[in-house]
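Consider the two complexes below, in which chain A is the common component and chain B and chain C are the respective partners.
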Partner chain A sequence: MAAAAAPMRVPGMLDANLRVRGRVPYAMDLNVVGMLHAKLLRSPYAHARIVSVDASRARALSGVRAVLTGADLAERDDIYPYYGPIFRDQAALAMDKVRFAGDPVAAVAADDADIAQAALELIDVEYEELPAVFDVDAALAAGAPIVHDEPPRLGQTFADIIVRAEADTNICNHFKLRKGDVERAFAEADHVFENEFTSPPVQHVPMETHNCVAWIDAGIINVTTATQMPFAVRASLAEIFRVSQAKVRITTPTLGGGYGAKTYTKVEPIAALLAQAAGRPVRIHLTREEEFVTITKHGVKIRMKTGVTNDARIVARQSTCWFNTGAYADIGPRLIKNGGYATGGPHDIPNVWVDSYAVYTNLPPAGAFRGYGVSQAAWAYETQMDMIAAQLGWDPLEFRMKNLLEDGQAVMTGEDMFDAHFKELLGSAAERIGWDSAEQPQRTGSKVRAKGLACIIKGTVTPSTSTAAAKLNEDGSLQILSSAVEMGQGAETALSVLAAEGLDLRLDQVSISRPDTDVTPYDQGTSSSRNTYSMGTAVRMAVGDIRTQLLELAAAELEASPDDLELVAGRVQPRGVPDKSIAYGDLVRGSRSGNLLANGVYASKGGLDPETGQGIGSVHWHQAAAAVEVEVDLDTGKIDLLKYHAGVYAGRIVNPVQAELQTEGNIAFGLGQALFEEMIFDGGQLQNGNLGDYMIASMEDMPKEISLGILEHIEANDIHGIGETSLPPAMPAIGNAVYRATGVRITDLPITPEKVLRGLRARAAQESAE
Partner chain B sequence: MTAADPSAPSTSPRPVDGEGKISLTLHVNGREEHLRARPHHTLLEVLRNELHLTGAREGCGVGMCGACTVLLDGRPISGCLLPAALAEGHELTTIEGLEGPNGELHPIQEAYVEHTGFQCSYCTPGFILTTKALLEERPDVSRDEAKAYLAGNLCRCGSYVKILDSVMDARDRLRGG
Partner chain C sequence: MPGSLAFYHPTTLEDAIGLLGEHGDEAKVVAGATALTILMRQRLVAPSALVSLGSIPGLDRIEEVDGSLRIGAMVRHRDVELSQIVRARIPVLAETFGKVANVRVRNAATVGGVLAESDYASDPPAVFVALDAEVEVRGPNGERTIPARDFFVAFYETALEPDEIVTGIVVPVPAAGSGTSYHKFVTRSSEDRPCVGVAALVRLAPDGSAADLRVAVGAAAETPQRFPDYEALGRGHVLSDDIVGRVADAYAGAIDTLDDMRGSAWYRTEMVRVWVRRAIESARDAAASGPAAH
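This part shows the complex of A and B:
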């Protein structure tokens, strides 16, 4: 499709100059004339019936332009004030009851943020507290309080999810995978291991919190918003306002980080409803504390049973996963599918059985988070791999090598693996870290060092769709219309490269639009490490079409066959005859069409059988490995990361610097989740909902030595997204190293000094008892 | 942000207008700026909302992330913590004040471009200004010292390796130049 010439390479980001000046605009930098500022009143209770809301004093405050309560929304039949990508279970403002501490119950738009805040304090809400559930065990217990009493309103759903919400329970969805015959395989296995692993909820902490500006202009609902999914937000607002999608316009500037937090609808409905009520533009911009309760990574409990033979082959695995999806489903019902099948791991296991549940509780909603359920799965299986190896006296590296998937072997969803590089990734990671199975932990004073490994598989959302349009102008410049969201991953730069090389243009002759749903064609969303691959394919298709048009125009002009022509530096010429070349611009002018136009539509196929979870899980499989050396202080339990190697398969690397940045970013993300990140709740109240109490990795937490192995394999003619891929191995690799250093096996993240010390004490007590 | 009732009487000794605002004079990027703000408004709010200098950004509002960093008499401070009135009489520098008169990048900015010391770049102005203060204080700073100095600035994209590369390169550019 693209030119056969050597792939173009670019360093860094095209708009780097703006970024270091602090001049790249985010949604929150937009000012619209007459704009009001909104604030939300949130429930202090995790679960309560709303008895009454009295907002009369707030409405009377000078400078207040609109106040909305759940009752105001409930009584209108010109709107349908619910949203949620799968279930419409979240209301723009809570109506009958609140379901988590932080659920919005009223909203104010005022001349400035101070006035809006003051008005909130004048709203009186009477609640009747209800019994609540916070963990999956309590939520599934007989007689548990039910988070959603009504059956969920199903929206038009996704091709790849099966919804099995169970009435009168807190089960929000159930994914099943049935491959082979696990029962027989367990009976025949030489050893069977069964363990439980947990991961806590954590927060994405994008430095830019959710924010948007909404205004209604000549009947069009406009929202400029920090979202990863402009089209999902458009569909949602069209449904809420009962208007056609053409009456909603979403524009999205660059984001200050997303990591999954900014997928699907979040703050846009209430901003638009306030804008409608006030007849003025409205900005909403969440505080950090509000961001913490807007969306989280799923806390998960996984029970994993694995059968192995004496010659170290894995023959069966059964996993049960309980994903705590919080008070509203968000994308949880689909995430449990990816997180569920991921427990099959990157191994050739003939018999796999998975039950994966999304469970409602009275915690803030959980949704997409970098890794999309795969981190939690990898924490379980890659920790268990080392537990099995330790128990049976095997080398963790060799044990993995014996079982890692090769081309032609069936992945857990049944399709054949292709373009497999697991062994190469893990092997070189082990080598880079100096892995030696005979090596004993090295002790100096109170400190002890050891190494750990992990290797993972991850799917990308399948099936999925991206579309793009290309316009070649009369001056030979190329415009790409795409709805790819730039959130720091370098989407615009990567797409520019792919477009430019398709027509042999310079990068400065190519421009990439920002998403504007009135102008740019449909895209499913910038998530799941799919952009460079899916949108990149759509862009290459559109550009390929322009290329064909240019060749045909030039062929007519030169009285030659298109096959005898070539594109060189913005001109078409007979092969090897630059004297006869014609500039693209001249061809466009000659065509009298004003510009050459083309579309690219990429839609991947696939999907899983509802009963067996077998089919096509992913168009291709992302692959990564990590190797780490840690130093643990036996007196304090403190863990330092000495060396870290991240290996990831990229297919073709489009932008090497961005590929490194994303991989290094995954190390920072991963070590935080391995060592300290955890949202702590007490009775449903978040205890550490700001950056004073919730730690994220700083520069000093980074491993002392980092090496990257971004594996390229040009011949595969494929691009693998790497935005998330190197994240999941981080947590188990670190946990495995800590175990080898201390003999303490942690199965519940994060691996805090307290847990290590407790483990050391327990071991010492056991040894002295023996 | 504190939740003050704007109609409540101010404790500030200065005259307060009908909107509860006082007059302020700030020296920002070499210019004298006259503006009005409520006594509780932070320097960050005033820079963004009154002066439209949007390079300083809120990341946490509690002094923990460094996204709101500006230089006050050359020293990095958290704009989200300082009441704007307390910045009077000091020389303030924001990221917008770093470039030359014709928009030329400062050598530190050039180093960040060269190494792509960012992804989403939300944190970048804070890092660059902190780097400036660091290199003025310690022109020969080592990589490890720089790490410790910059640990108060958070980058959730985790661009730390390339940020440090940028800082070391900026050090060399400034020493050499």
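This part shows the complex of A and C:
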């Protein structure tokens, strides 16, 4: 086959102009004739038995078209009202009991949202409060109240996940990794360190909250929804309504941000059930306050034991991770696997032992969040790296360099590392920040400056599948049918580039569809930094097939061998002979097929052994480093970020502008989580569930100087996802810099000014005591 | 009918006051609506009548009257921030309003709104208290003025009667030789409300001692805190590190600090100590580098 065309470069985002002018339609902009508006009544209690629900007054309110309660769902056998990607442990409305403050117990569809809201106040629910558990220690204590007292209802989606939910405990699942002999290695190590690290639950805060419109039309269940996973939602609705997947249609316009919050089923079941009950279309659109209790990042406690030799080699690591997965499993059982094995870090460690638990509690459910467990793991191991280096008087850079993985060494899940660039990334990050291990913290008045480093490894979901179809039209233009979700990350632009360059077309000759499960082929989902790579591969395969078809058609026409032909600017020609070229459109018309059609199927292989966690953890490994310079005010503990360098390996950079923006976005996410983001609960009640009380980073919080090192190795002929990769190193790099500046080591995120000041006071007290 | 809400747009203060009297507890004045919409959405207030001040002429002026600036209740934060006359005569006021939230909020939020809301974690109140400003209010029995110090009574509570409206605030231009400062200290995002905010005014006598010293601390307790007795520790003295430290310690000791997500009571006390010192130092240095004292 002829050689692939040279990579195409594109400035920015194709629909940037429309976005800036507010002309991109979102799910919330859809208006369906006769549409009703839904509101949910939510439990005020973290854990309670539902004694009775009386909705009669709400049903009688004028303008109310449908009211559903858990009991209404429980009594029907034409539906199976449960969902959840691994365990079907979440009911569309709570039935026997509520498991977190915010758990929906009843739903109303009415002519407008105000009426629906007013109807909620007419629903009388009698609860019997139950003892509740909020943190993993309490949840695992003997005699703890049990969040789910029935055995888990299983789905078939994830064949690779072994269910180890333990009966009569709050253990939702357990992932194990066993590599080498840690016991012996610890015994032989020169130094063994054991520390505990915690990360709190935080919010995704997508600008667009969860919303959808559902309607049932001629037996077809239609839902237009803001989801990162149209096919997962389709499967779940088919299961709930006991219909075939062919009778469910999910369409997804552009999302106003996802960050993992919009993976798997969320508000779609209740919207569709209400639409069915009312016989009319129903919109549900969560308020910001509801968004806060819909899905969160996992709060985690990690106990990490690491053994090193005197020559700075890491020989063993044992970690126990307790992920607080909240009241429902969501994707927790899978996330604890990625987060668990990630504690092995980007290091060549021969002996690794991991126990990672998802623990049910009476908090809102935790699920996928940009970084997918790896942020929590990296906070532990990259912080501990510096603690070890400080204790033993080593340079944190050199200590890392000695242990970072190289090609051919085994990663923690056992397979050989390839295309390793950790040393390159960390080395250039250190250089960009002016790292010098002998450098003392620089003090001016009450302010002191210092630098910190971190380097991480992250897998992408493996095995996974993406498929795409291509249609070459009779005017030579190309349409890609794909279920990739555009959520501001630039999926459309990236796939356009990959499609156009495969046939040497201009970008305006290519279109990328939005997901429509009636029309566009299957995709596992837009998550795990996988789209440009996985869907990109499927698109390239489909386009490659079209290319072959064009070459064969032209070969017949020109009486030449396909090998002697080339594609140039929408035409096929004998190499170097433009005079004899034929336009694609002419070839399509000549073929009498109306359009050329092709499919691309990307399906990766892999998976881990359930007893050892060994196998293939990831088709390839995402890699990033960060270097930061902070300034700490010793009087207040306040941290300013002066300089930040983010290094990330991209393989090939498909869209430079978007790659930079994704990386800058990771810096904003990372610094917020490093310095102040935290969902604060009191007795299971969220104390800061709105954007007045919960802060995310603003423009002014960004580091004063940012440099990006998006590393490209075209010759590797691979695309690495960069959507999440540069996030996990942010928190430990900042924490490490704060330590070097102040001597205060914070192990529980976020690193607030108050924690730093308390640490400074404790040190001062200690010094004066000595 | 649920959610029914009457929205009035009176064109005179008398009509507005009349509407408040007529609807009693059910009515709420609405200015920039940045605070009120949040309270209504969170269902913390549920008025049935909104009385907008937006159509009443004359409330959006900034003017200089007898050595003071008079700022109308409907002047927006952004207007104070950018006003030439405010910048020239009382620059600390422009700076403080410029530090509130973000430009979107500042373009809507009004001076009357921030006063009447009496949120403990707002920035401007401490400055008004430090500058001895007086709030002008109007009710069914006519006008009265309330010193800013007495205006803020408790959490979300002011000295306003239910049918009174804030019409403006009069801020005396600091005497020549004065320096002023406002330090806003945030512990989370830079767009957060203050953990503590400290306003200070220092007027230097020709001998370099402090002829006047005023310090008001915001966001640390229910209302802005000012202690004339502790200001007196500095008055008449050269504001050495030692003297400034004593004033700062006295404030830190005197304020019964509150505990919230921006900081514990202990931390706030420590921050009062730090920022009172820094605010006095900034005001002192500004006074020293400003037009010669006389």
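Please note the rule applied: the second predicted complex is superposed on the first by the 763 of 770 C-alpha atoms of A that agree within 3 Å, B and C clash if a C-alpha of one lies under 4 Å from a C-alpha of the other, contacts with A are read in each partner's own complex, and residues count from 1 in each chain.
One rule holds for everything that comes next: a contact is a pair of C-beta atoms (placed from the backbone, for glycine too) under 8 Å apart; a residue touches a chain by one contact, two chains touch by 3 or more.
If you're wondering where the values come from, they're calculated on a predicted model, not measured in any experiment.
In the superposed pair of complexes, A:680 makes contact with chain C only, with no contact to chain B. After overlaying the two complexes on the shared chain, residue contacts for A:690 are found with chain B and with chain C alike. Residue contacts after overlaying the shared chain place A:698 against chain B and chain C alike. Of the two partner chains placed by the overlay, neither chain B nor chain C lies in contact with A:592. Ranked by how many residues of chain A each touches, chain B and chain C are led by B.
In the superposed pair of complexes, A:118 makes contact with chain B and with chain C alike.
By the touch criterion defined above, A:754 reaches chain C but does not reach chain B.
Within the superposed three-chain model, A:635 lies in touch with chain C and out of touch with chain B [touch as defined at top]. For the contact definition in use here, the residues of chain A common to its chain B contact set and its chain C contact set are 114-115, 117-118, 287, 690, 692, 696-698, 700.
Those residues of chain C whose C-beta lies close enough to touch chain A in the complex are 2-3, 38, 41-42, 102, 185, 187-192, 261, 263-264, 267, 270-271, 274. Listing the residues of chain B that touch chain A in their complex gives 1, 3-7, 20, 38, 52, 54-65, 67, 94-96, 98-99, 105, 109, 112-113, 115-116, 118-125, 128, 147-148, 150-164. Remark: chain A residues 114-115, 117-118, 287, 289, 635-636, 638, 672, 675-676, 680, 687-688, 690, 692-693, 695-698, 700-701, 752-754, 757 touch chain C in the complex. Here chain A touches chain B in the complex through residues 11-13, 16-17, 19-26, 28-29, 31, 62-63, 112-115, 117-118, 120-121, 204-208, 254-257, 259, 287-288, 487-490, 657-658, 660-662, 664-669, 690-692, 696-700, 702, 706, going by the rule given at the top.
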